[in-house]
Amino acid sequence: MRVSVRDLQVTYRAPGGLALPALGPISFEVEPEQFVAIVGPSGCGKSSLIRVLAGLQKPSSGSAYLNHQPIQEPSSAVGLMFQDSNLMPWRTVIDNIALPLELAGVSKMERRAQAADLIPQLGLEGFEEAYPGELSGGMAQRVALGRVLIQRPEVLLLDEPFGALDALTREQISLDLLQLWQQSGATAIMVTHDIREAVLLADRVFVFSQRPGKLIADVHITLPRPRHSDDMFNEAFGDFVRQVRAAIDRA
Amino acid sequence: MRVSVRDLQVTYRAPGGLALPALGPISFEVEPEQFVAIVGPSGCGKSSLIRVLAGLQKPSSGSAYLNHQPIQEPSSAVGLMFQDSNLMPWRTVIDNIALPLELAGVSKMERRAQAADLIPQLGLEGFEEAYPGELSGGMAQRVALGRVLIQRPEVLLLDEPFGALDALTREQISLDLLQLWQQSGATAIMVTHDIREAVLLADRVFVFSQRPGKLIADVHITLPRPRHSDDMFNEAFGDFVRQVRAAIDRA
Amino acid sequence: AQDDELIDQTFLLTFIPNIQFSPTYAAIANGHFAEAGFNVTIEHLDEPVVVDLIASNQRQFGIVSGEQVIMARFGGRPIVYLYEWFQQYPVGVVVPENSDIETVTDLAGRNIGIPGRFGASYSGLTALLAANGLTEQDIDLEEIGFFAPDVVCVGGVEASVVYLNNEPLQIAQRAEQGECGDVTGVRVLPVAAEVDLVSNGLVTNEETIANQPEMVAAFVSAYHQGLQDVINNPAAAYLLSLDYVDNLPISDDLQAALEAEAAAQEEFLATNPDREAIAESRQTMYDRLHEQFSSEELIQLQVLLKSIELWDAEQLGVTDLASWEAAQNVLLEMGFLNEPLDLEAAFTNEFVPGFEE
Amino acid sequence: MLANVLSYTLNKFISNEKYVLKPRRSVVRRYALIATPLTVLAVWHFITLLELFPVFIIPSPQAVGIKLIAVIQDGRLWLHMGVTLQEVLGGLFLGVSVGMILGYLIAHIPVLEDLLSPIIVAFQATPILAYAPLLVIWFGTGITGKMITGALVVFFPMLMNTIVGIRSVPENLRDLMRVSRASRWQLFAKLELPAAMPVLLTGLKTSATLAVIGAVVGEFVTANAGLGYWVKVARDSYDTPLVFVAVISLTVIALSLYGAVSLLERRLLAWQRRHRLVD
Amino acid sequence: MLANVLSYTLNKFISNEKYVLKPRRSVVRRYALIATPLTVLAVWHFITLLELFPVFIIPSPQAVGIKLIAVIQDGRLWLHMGVTLQEVLGGLFLGVSVGMILGYLIAHIPVLEDLLSPIIVAFQATPILAYAPLLVIWFGTGITGKMITGALVVFFPMLMNTIVGIRSVPENLRDLMRVSRASRWQLFAKLELPAAMPVLLTGLKTSATLAVIGAVVGEFVTANAGLGYWVKVARDSYDTPLVFVAVISLTVIALSLYGAVSLLERRLLAWQRRHRLVD
């Protein structure tokens, strides 16, 4: 699916009562099946953008579109992973992962089977029946990732999906994600703070300015696909990383 | 202050009812004024260790000590930053930061002044009177960091303090932290997933194994102090990073 | 007597302040209690609570109905009946004027309301039925709470067990104003016409009688004078009750008229009229007032006059064993008692002023 | 105007929209506060106009108005309202204090719930009629007894809400207070109280409303003044307009208390309303 | 044993300890459940032994026991208990349903609170005595009227707790449901209901207990069977042991309902107790 944004602005009410421009104006277009990574300083409106794209929040001005249709409300084609893991504390791991299927009316057996299939990939073996209160930070994040993956969405919105994961797990899971994305043909937009991760995964890296966040660089990562962790030692990889970092330093 | 741990083990009740060994047995000793970084896979018991050191949780066996005194309950000498930002939603940013002083009986004017002093360093100018619900993920984390710094503790326990921060902010804030730590003479124990950050900040990097977490490497970082961000381009720095990574790969 | 020499004494009444309690108000307002050495305050409580407080000697005096005394004593409460206030049992059955129920026997098979299967109305009904060879099974009894005027006027029941000195007057007055549905007036079938049941009176406990008989005598005597005052001069009683009864109808005109009537009655009493003459004077007073005032405004005065009819007797305060036995028989019949009691211990006429066996 | 209010709310309900502009809401709410009393009055008027019920069951608003003016003029209204208000406030204070203190203890010492709940529940299920003599023996027939009955009614919802409120304080914030070495009092004042505030305020709203009926029940046992007593007097003298005046006065007291707690709620929970978009 | 329980709980309170071993707690709780009734019985026994009150105010446990056996044998206990139980369950069902539905609507449409609260609060503050005639006229003197009074009592705490429970559902979980395109029913069943469960169950506990007194109040207005009626009859015939039997039966009903909701709570909130250390 094509995701596009035109003259989008998000403005909040600041503590004092004044307007707080958080994002934009910003315009861009993401082609179907593209993988876009967004990097930018904390508080520059990345999560706000994601929320608008998910249909959770109305823009203050401008619009966002899914396949040229203005986004008015959440769409079933979109899967969103929140910045915090946002699990239901009264549901076990497996039931949290299976939630989207449950809401879609998939039978209990079927959805539990699908969730169980994801468990090893997420490294959550043995914790199927654990409650969120019994998980570590990183484990909770992996459950949240499982919950969005099980939906097989056409548009994947990921807000810092790997923030609480250690380097190794992170690398492994992000490569898994890459593979899933490639198989599914979904459009992916991911917020991350890890430049190397952004370059490894994305077709384009968006660099945002300080608040109100504006698009100050759109770096096309032309590394060939499929990519592997070895690619990170390529010269070209290093060049792209430097390119993104330079854009950030200018932010 | 000296922090030490002898034969420490933390065991939970697993979902099925069986024992889940989460950490240890583990023993180590941290000299006064040392800075220790802990890296290890998600779910290996790092947060559990921090909780035990903070006196929030009793070990299942073995003990932890502060200056050779067994830790029985939280100590006023210890400051803890949780893995999630853990702010009080009904308090403004400045009141959240000032909470430890308020509990210590510092006057309202004095504690607000001290909190206000920290605001620029945390990059939270203009958000003094904002509520946590109005902050971005990274901003909330910075408030939590402010809350522990304002205490000027003798032992700093930091559980992934910079997880939600972008690379630039992260670098800047961690260098600020380094400076504060050096001035204060505190002992610091920090959990992080960023190996380069660990090497840049720490005197020693502890590498933990998979659950149940055991100490599989204790890398002494002998880079001279004070350290700067330029140090990251040193050859020695790269060596240490590789050394830690090698240990992790063996984990 | 000086105020500070008076003994504080509470007097327990049931229900709430009401013109019917004017003898008590008169005994206070006219100074009879003070002369007898008491400083009396009134408390209104449910009848069982009144009984329990007196039986446990938390309080010494109160007014309850006769069959309550029997049941309370049956339930182990050492209370003693001292002075009969209502000489006639105040309960009866009210039927609309145009009803075809004319005698008690006509009640058979009819739908009859009652506050509930307890208290004086239930006993009274049982006695009334029994005296005519009927039982509760012969009628269709419905518990309607103390809402007889409302229920009768909306046609909820064909007849209702009521207090003679209150509800029938209310219904009649509504009927008069055309606010009572099809009902144009009422007729009553009083229990007292068929059986003499012991009725409401003054009670105390055995301990007080044993330890302070003089005080009991003084108290009863003061109450007796209050009752006599009201019977003799209802207009004055109405006026003094204004201080005790909330919501008693009054207006400047009515007040003036009553004051005039009260003064006139004083003069009349000075001529030492006999009982019949006084009764007649009450009726003529009402007739005079009714020319000037609506029956709505006079309804509580009417309640008072109707009550006085039930109180008045040649010798006030006395009960005979027969009325106690009649009441006990009713209770036995209803199953509230399962064996007869030593009724002689339940009451005494010893303290009734002017009584000689 | 009512149609406006309704269509607005329906839209709001259906649109599933999270961010609402504040000013618009306030206006609607201001209308709402007078809309209901006016509607009730209108319905009442029509009921009596159509003579759906006899006037001695539902008197006309005019009759009640006349009676109201009369009792205001002769000062009886203030007398009885004052007495009841005193009882209500006393009962509320007593019941809420005891309920909160006990609830706090039970929330922290679960076994206390097992020990005390039989007694507490038993008390709630026992009609006052059954212990009226004891009530009079212990507290007399004055105002204290009514405060006690009021407190008894108020106590239970407050207790239960305190328990659930304190128990639902997030465990991780408790940890924060523990590492900050908060004293037990600070734990209560700085964490438990604000965190449990929404549930506590709901308990207080419930209690404030029920305190009125609690005092009235007490007045039914024994009284010589107060609005409950007045209801009894008025019913006894078949003065239905006066019954209505007394009931309306009771309603006014209850609504004032409810309104006061609602205002308190608006102030104390202001932070919850700070998540709004500006255009 | 009581000393044990107390010292244990005191320790628990003071030690500020989060992780408690489960088995030990259960044992203490099991003791607690019989401790209180036994203590009450013992205190009662001593009160009558020392003759602190006349037996007609507080009869001996033996006298009450004898009466209890008598009314069990002649079948009256089951008759009256059955009637009251029916009324209580009916009133509870009615009041809880209406309270929850209305509470749900108000939680989502704030202006409804402004529109309806005057009426609701007014109803709560109006003594039943004032509208008893209407009650009798509309619902007759049978069981329905008592269900109505029960429902009226039960309704309010349930309403208030539903409002606060639904309103305190975390906003971020609502967002999750919205992006997952949950239907309104799913939103309720899968998020709002479980998230509000602790507060709802507290409302239900309160309601279940109050339903008993609600039915009794109805029986006081007019009735010819039921435990409240029995209390009245027993008081009127000065049969204090019978009053106690009736009150104890009411207590048994209330405790059973409270216990049933507590069990439900243990099951539904089991996940909250899953944060325990093993040694």
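Annotations for the structure displayed:
As written, the chains take the letters A, B, C, D and E, and residue 1 is the first residue of each chain.
Everything below uses one rule, namely that contacts are C-beta pairs under 8 Å (C-beta built on N, C-alpha and C of every residue); 3 or more make two chains touch, one makes a residue touch a chain.
Everything numeric in this text was worked out from a predicted model, so none of it was measured.
The chains other than chain D, kept where they are, remain one piece by touching.
Look at the CA centroids: the one farthest from the centroid of chain A belongs to C. Of all chain pairs, the one joined by the greatest number of contacting C-beta pairs is D-E.
Between the Cα centres of chain A and chain D there is a gap of 48 Å. Centre-to-centre, using mean CA coordinates, chain A is 86 Å away from chain C.
Each of the following residues of chain B touches two or more other chains: 12, 56, 73, 84, 131, 133-134. Shown for chain E are the residues in touch with two or more other chains, namely 16, 18, 57, 133, 137, 171, 175, 178, 232, 235, 275.
Residue numbers of chain C whose C-beta contacts span two or more other chains: 46, 52, 56, 150, 154. Remark: chain E residues 5, 8-9, 12-13, 16, 18, 25, 28-29, 32-33, 35-37, 40, 57, 108-112, 114-119, 121-122, 124-127, 129-130, 133-134, 137, 156-157, 160-161, 163-164, 167-168, 171, 174-175, 178, 198-199, 201-203, 205-206, 209-210, 212-213, 216-217, 220, 228, 231-232, 235, 243, 246-247, 250-251, 253-255, 258, 275 touch chain D in the complex. Here chain D touches chain B in the complex through residues 172-173, 175-183, 186, 190-191, 194-195, 197, 271, 274-275, going by the rule given at the top.
Interface residues of chain B facing chain D in the complex, by the touch rule stated above, are 51, 54-56, 73-76, 78-80, 82, 84, 86, 88-90, 99-100, 102-103, 131, 133-134, 151. For chain A in complex with chain B, the residues that touch the partner chain are 12, 14-16, 39-43, 46-47, 83-84, 92, 123, 126-131, 134-139, 142, 159-160, 163-170, 193-195, 245, 248-249, 251.
Taken in their complex, chain C has these residues touching chain E: 46-48, 51-52, 55-56, 68, 71-72, 74-77, 116-119, 142-145, 147, 150-151, 154, 156, 336.
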